[in-house]
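Presented sequentially are two complexes of chain A, the first with chain B as partner and the second with chain C.
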Partner chain A sequence: MKETNSSVLESAILKKFSNLTLDHADDSDYMTQIRRQAFEAFKSGGLPRRTEEKWKNSKFDQVLENQMEFLTEKPEYNTEVSEIFHCSIHGFTTQVEAFLNGWYYTPNKNPLKVHDNGLIIGSIRAAQHQYPELFNLHFGKIAQHNQHGFSVVNMGLFQDGLFIYVPDGVFVEESIQLIKMVNAAKKLMINTRNLVILGKNSRLSLMHCDDSVNHQSSLINTVSEIFVGENATLDLYKLQNINDVTCLINSTSVWQSRNSRVKVNVITLNGGTIRNELNVDLQGEGAEADLNGIYLMDKKQQVDNQVFVNHAVPHCNSSELFKGILDEESTAIFNGYIHVNKDAQKTNAFQRNNNILMTPDAKVDTMPFLEIYADDVKCSHGATIGQLDNEAMFYLRQRGINEKDARLLLMYAFAAEVTDKIDITPLRVNIEDMVKKRLRGELSICEKCVLHCSTPDIPLEFEIDLSKI
Partner chain B sequence: MAEGKDHNNILDEVTSGEYKYGFYTDIEMDTAPKGLTEDTIRFISAKKNEPEWMLEFRLKAFKYWLTIAEPNWAHLHHPPIDYQDIIYYAAPKKKPSLSSLDEVDPELLDTFNKLGISLEEQKVLAGVAVDAVIDSVSVKTTFTETLSKKGIIFCSFSEAVREHPELVKKHMGSVVPYRDNYFAALNSAVFSDGSFCYIPKGVRCPVELSTYFRINAANTGQFERTLIVADEGSYVSYLEGCTAPQRDENQLHAAIVEIVAEHNAEVKYSTVQNWYPGDKEGKGGIYNFVTKRGLCRGNHSKISWTQVETGSAITWKYPSCVLKGDNSIGEFYSVAVTNNYQQADTGSKMIHLGKNTKSTIISKGISAGHSNNSYRGMVRVAKKATNSRNFSQCDSLLLGDKCGAHTFPYITTGNESSIVEHEATTSKISEDQLFYCQQRGIDSEKAISLIVNGYAKEVLNKLPMEFAVEAQKLLAITLEGSVG
Partner chain C sequence: MLLDIKNLHVSINGKEILKAFNLTVNKGEVHAIMGPNGTGKSTLAAAITGREGYEITQGEIWFNGELINDMSPDERANKGIFLSFQYPVEIPGVSMTNFMRTALNAKREFNNQPPVSASDFLKKMEEMKNLVEIHSKLTNRSVNEGFSGGEKKKNEIFQMAMLEPTMAILDETDSGLDIDALKVVAKGVNALRADDNGFVVITHYQRLLDFIVPDFVHVMYDGSIVKSGGKELALELEANGYEWIKEAVAEK
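Our next item is the complex of A and B:
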């Protein structure tokens, strides 16, 4: 990076980097070394620009000239977690792990909880000291830390994050819900880094919720590394419902061992500029990845889904299904990438991206890529950009359904293909309700809950007499 | 392909599948010194007796070329090209001014006979007007008289510069400006010859126009430029074929094809590209960096590209359509075959600017040996291009486990009334189909040839008849030895 054209944000990051030793004095030697390397990488690379292939049409360069601040010190919290974070999805209880402004929120000063079955949950800062063997084995090995400028910054400057270790053979019954909230008077750049390790034959369901409760334009830069052991099962739900000015980079990298199963649902309801990176590395035979996403954007929002699936070994299956509805002046980017290695025979890989544009000002860029070096494979991809089906519309209209409702119904049906894939019934019902609300143009806000879910008592229905259909 | 051969015996030719066009004709050449400087460009321009404006255009392009870098985004790997180690101009010496075929250098005629495009035969039998470009210089244009009666201009580019400067000035660079890309800038600076074609208003060209390109001399690059202008309501079908002798070193081919279609005009452009692909170890072969673009300037105009790509060590080629006129149509049909160590990064661009524009992309990639075959395509629907429609289908077939097949589509839609669809599949030849053929007594090599031809049929059907036959044979020859 040349000094002369470094942006405001880059200068702030450089300044922050020069304080490394002071800010992160409690780091282990291993960690200090990693942060130093990131500093060097950032000095030469800087942040990505629109001119780079992977950031084409991205609105992230707008953030480069923003004056952002960093929260170096962990703030003191005294209140009970449930007083701020209250999420009631009927019939669905979760174990809430909360982050406020990027810091792990622990009312009882205990940063790491060890359960009876060996499950460890808590702050990644504490984990690097208490479980160095686990931490050093996986940390920084799953996500490519030199992927781009933001991931380099995350590597070097991450302040906190969630650490989960599921021992071999443990089924975690209750879903773990990771809630990341931003509530600050200043513009913040928040770098968090999560590490999730699933042992052999284990099972975990994880919800990753990004939320904001104020109207500051923050920059949230999250990297999650997930190691899925042999024959383990992971369900990952990513819910994104942030304000219109926040920028969010959510990069998740998954390493899959033999016969492991991973299912990811990315649900993007609202957000200023969102970039979801999902990298799945199928490194064990028989691994399966099912990646789904739905995005419903309006105003001037942008969502950018970068999905990379690497088939490194034979006999793996992967499927990608991303659908989106773009209203007003919103834009969406989809870049799916299936890479099949030379020896990865008997691969099945599938990729699909469907988009509906509602207005003349909405815009979609879709790039479904395939790179294949093995011959005994079945790979396919499809992408469409269009509008609601006129014939289906006509059908509904002639049954006496007004245009607005008919449109809603069709949009809802379009989104349902993705939301139907959510296995936990109460969560699915809830997300379906959120989608309905979102499509009706109501920001799904209920008073207490940061997740802005709907209350289960009031059923959400379209005002349609279904008997007519 | 030589006339009179039994077209049904395509598969028999498979066994003789080394590169058939690898002969070298000893014609005395008039060459420029190696290397590229402003002097080289002045030399080329002077050799061709070009007017001042042409030289200026070249120099402008050259100056721009110096400021830009070779693109590296394509999925291609090759050693850096030394642009100073190339001869930029090579012309058959004593180029006579010819009025009939009898006056053509007999050795040259022999070359064409070996190529199977006997000018005489073609002229009479096929009714095709041929403009043959050997090492940069257009040698002979047949059938000109018939064409000129209809007002059709079909001549070499240098002739067009002399005879029809107003048309050339108006259209040259209007579709592919010299600033378009690295190779377009290079071509604009050093292009030696090419074909020019103008179809006047309302004329339907009675014969198929054809150009044959051949690189003959060693160390030369070929930089030809084709410009086709179809005026209002006209129609033309244009064929292009390419070959080169076998050589150990790589040779550069950087061409430009520009097509302009006015209101209600239709242009059909077919290519069979069979440049020398290098030997089985990947030694030698042509580097083929081509910029082809058509502009549907008028309403209801149509441009259709059909290509069969079997040759070249490296292919970098994206025939495109800019659909500017309302209701205009762009089509792209492609079969790209790579074997041994060939690499191809090819596809199409469809830029929708006018209302109700339609485009279709059908691309069939076949990779064998150690080759890599990529489809790279772009579909862009501008905001004002309402009610536009695109359908893209790109299928890849893999023969063998050492080759690669890749798909890189870029799709952008900027309005809500357009529909864009893209689909692609990658697979190998199905065991069932192979088993069916073998069980009927067809050996595996022939069976694969049969299946591949069936797979590519959709595109081959779009080729004019004589080309379709040649293309089928080429497919079989290219894939020879790729099985097992």
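Our next item is the complex of A and C:
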């Protein structure tokens, strides 16, 4: 990339990169080297354009000319998380780990907590120093196949992120809820990077919530790397409810060892431009990945789900079910790429993407892509784009249900196939309720956590007191 | 007069299917409409219930003294018109319970009544399930999804029993039913027959009319009724087929 051709955002990123040594003086040698490599890669590659196949219909090029700022210094946080943020679902408690504008929210001095069972949770910046062996073993390796301009920037410029280590045999009872809040007067580019390591026979349920609490347009660029050890179980929920002007890239890469089980639910309720990347690398025999997503968009919003499943070894199962309802002028992209290695015999890989367009102006690009080199496999894919079923509409209306309610019933039902797969009952009830509210146009996104909403008969406690931040 | 159809002309995509159709159904009456395939029997059901795409080019449909030509399907339903579908639609993800409660409450709201209580609703569900001998739990089942042909038809009569319409149209409810299921369906319909409601039973075969005995039998051909009579007309059709009707029409 020549400096003269670079966009406003690329110039800002280059400038930021030139300050690497100063901004990240506390980095380990390993990290410093990685950041420098990213700088070099960015200089030659820049940010992706629509001319690239995987960014063909993406609206992400709209951020290129935006003037964005970076928060280089971690602000002082003096208030406990529980005092500024409280999110409660009846019958379901989580251990909250909060990030504000990309920085780990720790009012106390200790950025890493070690629990009695050996579970470690905290800031990735601290983890690189305190657990260099764990860190260096996995960091940058799980997501290495998914390289594009934004991930390169993330690698080089990430501010902070969440580090989780679940030791062998440990079942983490309480779900960990990662909350990323954005609230700033300026337009920010926020780069965060998470590293999650599950040891053998361990279990973790993680909720990754992206929220915005103001109406400023920001660019959130998140990369998560997750290593799932032998016979370990991961439940991952990605919940997105951000304002209409924010651009979010949420890229998650998962490495699965032998007999591991991973279930992912991506729930996108609102957001300006969202790109969800989900890369699952099945590297151990007997591994299973169950990947589900629901997206409900309207106005001029865009959601882009890029799902890549790599069957590297035999006897693995993967299934993908992504469904979306697109209203007004919203657009969706689904790119489902399944790769089956020539040694990966007895692979089962299924993929389905169903879309409902509510208006003639809504648009979906769905691109299944199967690349199969083994000969003894079961693979299937299907994609549909349609309207609500007229036969079903008439059936419901013939029973006295008015047009509006009949449409809602059919839309809930369409979404339910995905939300039914959420195993944690109170969470499922809540998300179903949010989906209903979203479809009725009653879901508020500002100043509320994605999990805020609740049925009226369940007491709700939630608020963010911004004056305390 | 419950239902009064006058000189009804109905077109689909510009093609006229119903031609000068006339029918009057009074309270307490059961009318059977018979006739060969493609004569407009299902179009009649669609026109009465207000299905989209069925254009009334001429004529009037009166229900309980009101002209309903331009009413929405849901408004007609809430006023008491019910259609037992020839091909009940499967609606994955919509549970029978949720569906029935929504429908029942829509009707109650229409009639300025408060929503049905959960216990009354469940009691009624149980009662009507027993009436049509549905033994499986409906609570967690989606509407018609995975139902056998017989179950789907029983389910239609079950819904009819739940919603208590004043005018029920049964569109080939007997098709695809074995004799046992047919008896169950007929038992359900007979239990619901009353002095203040009426039925239009559309069928190809006389068989159903052994169990649901009609007051009147009409033969439809090429978009209108060409012959009417008592229940014995059905037997005549069963014995002689429709050819003699066609010939009679052709001679005219």
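Keep in mind that, in the parts below, the second predicted complex is superposed on the first by the 444 of 469 C-alpha atoms of A that agree within 3 Å, B and C clash if a C-alpha of one lies under 4 Å from a C-alpha of the other, contacts with A are read in each partner's own complex, and residues count from 1 in each chain.
We take it that a residue touches a chain if its C-beta (ideal position, glycine included) is under 8 Å from a C-beta of that chain, and two chains touch if they have at least 3 such contacts.
Values in this document were obtained by computation on a predicted structure and should not be read as measured data.
Of the two partner chains placed around the shared chain by superposition, neither chain B nor chain C is touched by A:350.
Of the two partner chains placed by the overlay, only chain C lies in contact with A:395; chain B stays clear of it.
In the superposition on chain A, A:171 contacts neither chain B nor chain C. Looking at the shared chain after the overlay, A:364 reaches chain B, while chain C stays out of its contact range. Number of chain A residues touched is higher for B, counting chain B against chain C. In the superposition on chain A, contact is made by A:410 with chain C only, not with chain B.
No residue of chain A lies at the contact with chain B in one complex and also at the contact with chain C in the other. Listing the residues of chain C that touch chain A in their complex gives 49, 51-52, 72-74, 77-78, 82-83, 85, 88-89, 91-94, 98-99, 102-103, 106-107, 110, 142-143, 159, 163. Residues 53, 57, 342, 345, 355, 357-387 of chain A touch chain B in their complex. By the touch criterion given at the top, residues 389-392, 394-403, 405-406, 409-410, 412-417 of chain A touch chain C in their complex. Those residues of chain B that touch chain A in the shared complex are 73, 75, 381, 383, 386, 396, 398-428.
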